[in-house]
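Got a structure here, written out as structure tokens. Questions coming.
Labels for the chains are A, B and C, by order of writing; each one numbers its residues from 1.
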Amino acid sequence: MDHTGLPADDLARLVAVEAITRLKHAYLRCLDTKRWDELAELLTDDVTCAYGGGAYTFTGRDAVMRFLVEAMGRTSMLTSHTVHHPEITLEGPDAARGTWALRDEVLDLEAGIRIRGAAFYDDRYRLLDGSWRIAHTGYRRLFEELEPRPPGVRLTASWWEDDGRSRLAPAPPADDGAEG
Amino acid sequence: MDHTGLPADDLARLVAVEAITRLKHAYLRCLDTKRWDELAELLTDDVTCAYGGGAYTFTGRDAVMRFLVEAMGRTSMLTSHTVHHPEITLEGPDAARGTWALRDEVLDLEAGIRIRGAAFYDDRYRLLDGSWRIAHTGYRRLFEELEPRPPGVRLTASWWEDDGRSRLAPAPPADDGAEG
Amino acid sequence: MDHTGLPADDLARLVAVEAITRLKHAYLRCLDTKRWDELAELLTDDVTCAYGGGAYTFTGRDAVMRFLVEAMGRTSMLTSHTVHHPEITLEGPDAARGTWALRDEVLDLEAGIRIRGAAFYDDRYRLLDGSWRIAHTGYRRLFEELEPRPPGVRLTASWWEDDGRSRLAPAPPADDGAEG
């Protein structure tokens, strides 16, 4: 614990940790819903990224965004990235580091494959004009597996079809208080 | 950031965010362990819910609880819902909104299927008599897949058998300090 | 809510909850990256553990560490444990309880199997010399499934090979701002 124990310092630290946590959450929401313009604003101009456990590295917001849109822009690629276990350390009034556990899953409907993995992120953050941004993000894989989508699997919902509504159930049960 | 920067306001906001976070955590614990009476107390009387990415919508605690118990009450349906990435915004002293990422998995042992999905929640919360409650919950699917349980799969534990104890290992390793 | 509503108490509670949360996060990072020495320091001397939903119970740091290293030490066993939904309650100035939802996955490359499960932790924590430690950890399974690794699956990354770099893509796309 690097704080002094004074309430004011503790509170400032908790507020910064919460803001950085929200930044990471927003980044991942934008990634999986393909909101590229909103995602770009969360990065510093000179951001560095190492995706694929270091297989792909980029410098600068433009290079990063070009890669993300090219690699994950099509709606036949459905992705879910969730992060866990933040350990965020302030390194000064406007700089921080953070580790996170990642679980991710990619359904590539075109290729008929599923990729599932786990990793640890090691990120750096910077405070610019009152907003925390991602200055570096990268991860190292615990594992990653690629497999054919299993026989008999059926996609029953997608964000880009029917507003993400499930097609599992043709006949919803009766509900006297139904909204719609 | 909607806070003023004054410590007292920041602290009140962090305390409210933590209370809302716990509310959501308790809701999901009750859902997966089928503690319906405890779950009902976490909802407002006039709660609205949109499950299945909007396929099922309900108004009022009674209608919601009837649906949940009917759809997920039997113990041959094993469920795990985890939420991630809270972005919670206070909209007044007794109102808040929040988005969350959801990953969920349902094992239906009777039907011999597995349903796995990802979604984003958009919730509303209200403070009533000093306790935050869920006033609206609903989600939109990133994806959802239904598949037959794979060949050779074996259920090795369930909450409702042997108190959730794993049957994986017939002979535990020696332990000179064993409790039981 | 057991706090008095006074800002100072609220802040002390939030700081303690954050420290306990980080403790749990560090424990799981050390578990999945097999950092046994660092993990041992997070436990009290007289820690009690109940793994496998109570199938394996141990008393004392040495017995716990012996079990963990024996059960999960080899690098052909790849694991990911993520925890969710903390509900942490302070029971005094140096004691706390906490529940968490667990999702875990084990790939045993030697046995050619995959084990996936969900559970709820019920932990106890103690503050010793200014640091929170795990005094008890144990969980009860919602479900656990063992299955053969599916046909056609391919491991494309592991923490212990190539520094966790993905082997998915032989030819990364052009990047004029590439770092490496």
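The rule is simple: a contact is a pair of C-beta atoms (placed from the backbone, for glycine too) under 8 Å apart; a residue touches a chain by one contact, two chains touch by 3 or more.
In this text the structure is predicted, and so the values were computed from the model without any measurement.
Chain contacts here are complete: no pair of chains fails to touch. For the self-contact between chain B and chain C, the two sides draw on mostly distinct residue numbers; the shared fraction is below half.
Chain B and chain C have CA centres that are 20 Å apart. Within chain C, the positions touching two or more other chains are listed as 7, 11, 14, 82, 84, 103, 150.
Chain C meets chain B in the complex at residues 1, 7, 10-11, 14, 17, 48, 50, 52-60, 62-63, 66-67, 70-71, 82, 84-87, 99, 101, 103, 115, 117-120, 139-148, 150.
Across the complex, chain B is touched by residues 7-8, 11, 14-15, 18-19, 22, 24-26, 28-29, 32-33, 78-80, 82-84, 103, 105, 107, 130, 150-159, 162-169, 172-173, 175-180 of chain A.
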